[in-house]
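Have a look at the structure below before the remarks.
Naming follows writing order (A, B, C and D), and every chain is counted from residue 1.
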Amino acid sequence: MWQGVLPAVTTKFTPEGDLDHAEMERCWGLLLDAGCDGLIVCGSLGEGSMLSFEERLATLKTAQRIAGSKPVLLNVAEAGTREACELARAANKAGASGLMIVPSPIYHTEPRETVATLRTIAAAGDLPVMIYSNRVAYRVDVTPEILEDLADDARFVAIKESSDDIRRTTEIFNRLGDRFDVFTGVDNLAFEALTAGAVGWVAGLVVAFPRETVAIYRLIKAGRYAEALAIYRWFRPLLDLDVSTYLVQNIKLAEAIALGTNERVRGPRLPLFGDRRDRVEKLVRDAIATRPNLPPLD
Amino acid sequence: MWQGVLPAVTTKFTPEGDLDHAEMERCWGLLLDAGCDGLIVCGSLGEGSMLSFEERLATLKTAQRIAGSKPVLLNVAEAGTREACELARAANKAGASGLMIVPSPIYHTEPRETVATLRTIAAAGDLPVMIYSNRVAYRVDVTPEILEDLADDARFVAIKESSDDIRRTTEIFNRLGDRFDVFTGVDNLAFEALTAGAVGWVAGLVVAFPRETVAIYRLIKAGRYAEALAIYRWFRPLLDLDVSTYLVQNIKLAEAIALGTNERVRGPRLPLFGDRRDRVEKLVRDAIATRPNLPPLD
Amino acid sequence: MWQGVLPAVTTKFTPEGDLDHAEMERCWGLLLDAGCDGLIVCGSLGEGSMLSFEERLATLKTAQRIAGSKPVLLNVAEAGTREACELARAANKAGASGLMIVPSPIYHTEPRETVATLRTIAAAGDLPVMIYSNRVAYRVDVTPEILEDLADDARFVAIKESSDDIRRTTEIFNRLGDRFDVFTGVDNLAFEALTAGAVGWVAGLVVAFPRETVAIYRLIKAGRYAEALAIYRWFRPLLDLDVSTYLVQNIKLAEAIALGTNERVRGPRLPLFGDRRDRVEKLVRDAIATRPNLPPLD
Amino acid sequence: MWQGVLPAVTTKFTPEGDLDHAEMERCWGLLLDAGCDGLIVCGSLGEGSMLSFEERLATLKTAQRIAGSKPVLLNVAEAGTREACELARAANKAGASGLMIVPSPIYHTEPRETVATLRTIAAAGDLPVMIYSNRVAYRVDVTPEILEDLADDARFVAIKESSDDIRRTTEIFNRLGDRFDVFTGVDNLAFEALTAGAVGWVAGLVVAFPRETVAIYRLIKAGRYAEALAIYRWFRPLLDLDVSTYLVQNIKLAEAIALGTNERVRGPRLPLFGDRRDRVEKLVRDAIATRPNLPPLD
């Protein structure tokens, strides 16, 4: 159902800390212009947990305004199933293309609970669902066994695979064939996952470097592995910024440098400072200085 | 400022899933009757993350109604600092005795952020604060270094030490003397922590076995270690239920057996089932069957 | 200097527990006939730590007898640097093609110690060296930084990359270009590592399934990724047996089934038993039953 | 059978790297004079893995010469069961009081293998055995369940509990009563383990600070917890040096400062250098400067 490069976008704030819809439109528009295949809002990169219910719906609407016919997904990552269902229903009413669902971001569900909460939220939202499996961040693993259990509900169409173990991609294919659209959710495993058969990339650094991200994706899908690998090697120091406790601040700083936007975050986050900031800034500037020429993509 | 046994109470629900204030009054009253020194509401054992803002304040009020002059603390564990401040202000207005604050339950703050968010929330609430340090559950560690940094704000009066490493108790004393009231927050390290100098116990199994918990505490504080150790050894298989992904369900089942209450939980949790349920049920029944006679506590 | 598929062979024992040189010749000969590019003896899969000094040299000689002009490497994995140097000198004298060196299998060296011991052992052996970097098994990591430090000694020609993180392959290329021959040492990351640029595969399951292993390697190097991936997906449940505490017993059982050899091990290992044995046996038999036809390789 | 403070002594080397028996006699004699209850040689702190078979027996003999009627144990920690049995037999012949046995320091045995290898080595040595359980260093855990399985062989008399989890002490008592002499093997958990019922302390920093170690032990056993705790708090920064990858170098540096001995180690270890050395040196000098007066122990 879905494929390609789906940016998990950052949320833009005004100096007063409110949503800056104009700046979101500008930045996200650049991604769509560069060839991205849709948008995912209010994910962990979008500081979804620090946004109110109403702010999340407003952010969704802004994305819908500029996405045209491309899909826009809203991330659902509530501590309680009740609240998750409420948000899922509101997303449906607001016309979202689909939901990305984190099974349980606070309590670490065991498999039967994982299945139950995913089914309950999906039924409430009644939209196509990308399951977000990230045992590293949330200590809940949506394993191939669990996917098999969920396969009878057609709402579950995709899996965002963020187990941090590249082996999982092949395990899903071996167990489930192409029942689910497999997306990699880990920027610095993307070449490996896409080469092993993933059909999409829920991407992070794409928000600052959309053309390079799209190029890697399309070159791999065209069987032009060597060309893709060359860009990927250049891109890797930046992609590593996505796999970090500080991914939001890292990527917002990269955006600020690359796109001329701001890097405001909400508490408890602070913008990067000190050595860490210096290192990230240098990485981004070095990457820009050595930016490869992209080959024609067809 | 605070000391003794402070139960982190569970939240009681009606069959419809709403708050059951009458049952909370009944169960919590048993704890106070048994000699507990106060109450902490809406913690992780209280499913605080699955309660709405209003429900948390209502739960606080119920606890205040029965606690008399003993302190009642409200747990604050919000993903965003903004929402945490809002809850802290409401707790103050509602007359809470103090706050227990989790620095950042979703994002893993680095030390400067940990300090900043704790200071901000404490200032908003303007109440005495017990800092809840639990690097295992939240992957944010409030180290002795950070405590030292926070020591200049007199609102920070206590630390709930749940690092899961008994060494930490001595490290806090070595660095900070008795600046902070050190509470152990790990049931099955309580004998060790209290013997090493902790002044209080934020307890879990106490909600089902209050008299035994209070006895261990008081015996240690009276220097009657051997008597305390004998009860503790009997209690350990139960206390282990507090150090588990399934602590809420474990302890609610223990309460159901010991106090004749229900074990309802909110999603994504399910009540225990299968082998795990059988094991816990057997543990609780065996413990009840071998319950020790408690010595006079003076 | 080296490339291709290098089996880390198992050691064969007689019913009395002594070395069974005839059976080693038979089994290893099958590997070379199937197109393997050399042999590595006395590695962890070869139970090197359970062999005496003399047994290791005898095993080396057996391998040399049948390898012809293909390289034979001896693994050096001694707790003490003194003993490692002694073995390295003996390997040189015995005409080994090279050494595979584990920096420190008991004590966990810090980087300066890692460099010092690797340099000392390499100098004593004065042979080409493949550095065996396996932080999972030995908790010593030979990072790209350390490789850079070692690059001035021409004896260090190759790295067996077993960090269990596929990202490392690209990191080595980004930092060191092709200074070192990068081998993957993790069977179930081999497709990913070889497509990302590794030039060789120190393989495990190859000892039971040599033709399939060689086919995957050669197809990737010929740019025929889709054909390689199809075989790899079939092979994955078997390759997973290499990434296990019980890899020796797993792989010896696979060999016993596939090649009609025995699965004897030395203590403290016992042959597989119970459910684990049943699972492995079923995996191997299922794989044999569904063995793919291999495409012509040139 | 055994109890009290048993130092796991360091091994002394001459400038040429050979054993320095005279210096070992001098240093170990200080420990016995201070009231230690025996000696354990060739443990991990004694760099046993870097000593030859003959050197280990020579070290044992040196310890026996000065220990008088106090017990001397030889550590057995061989990769292969065959070699472990050989060493155990030699220790018996040399008149060792007992063996400390590490089940399997390279391969990570599963429980049935752990039991089998421990039984085999104990039978070969036919001496009283202290089982060394250290899942952190060796990733093999001798659990209470395994102890229960081994309890029918009277040779197993003691357990050196180094699981790094203080809970384990109580778990052993709850499951096995006093069938085994429980020793703590973790310096900076010693107060906690001894107050929870352990009967002995296999100690590390004792080699530099024997009188303080013995004082803590005896005060606890006399029920004088507060006096013991005061010394323990002073001692903790030093005791932390025992729980470190660099424990050998740390403790040898402490010995060098406190006893005027040398700190030579065997490769792959290097003596401490840089910031780490400065920190340890400062810790030791600060501790000496603030050394508490020890109360009379009667």
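Here is the rule we go by: a residue touches a chain if its C-beta (ideal position, glycine included) is under 8 Å from a C-beta of that chain, and two chains touch if they have at least 3 such contacts.
Heads up on the chains, UniProt names are A, B, C, D = Dihydrodipicolinate synthase family protein.
A quick note: this is a predicted structure, and the numbers were derived from the prediction, not measured.
The set of chains in contact with chain A as well as chain B is empty. Chain C maps onto chain D through a rotation of 180°, based on Cα atoms and reported in steps of 5. Of all the chains, the one whose CA centre sits at the greatest distance from that of chain C is B. By the residue-number overlap criterion, the interface of chain A with chain C counts as same, with over half of its numbers used by both chains. Averaging Cα coordinates per chain places chain A and chain C 37 Å apart. Averaging Cα coordinates per chain places chain A and chain D 51 Å apart. Looking at chain D, no residue sits in touch with two or more other chains. By the document's touch criterion, interfaces exist between A-B, A-C, B-D, C-D. The touching residues of chain A, when paired with chain C in their complex, are 166-167, 170-171, 173-174, 188-189, 191-192, 195-197, 223, 225, 229, 232-233, 236-237, 240. Chain contact summary for the complex, chain A toward chain B: residues 17, 49-51, 79-82, 103-110, 112-114, 116-117, 120, 245-246, 248, 266-270, 273.
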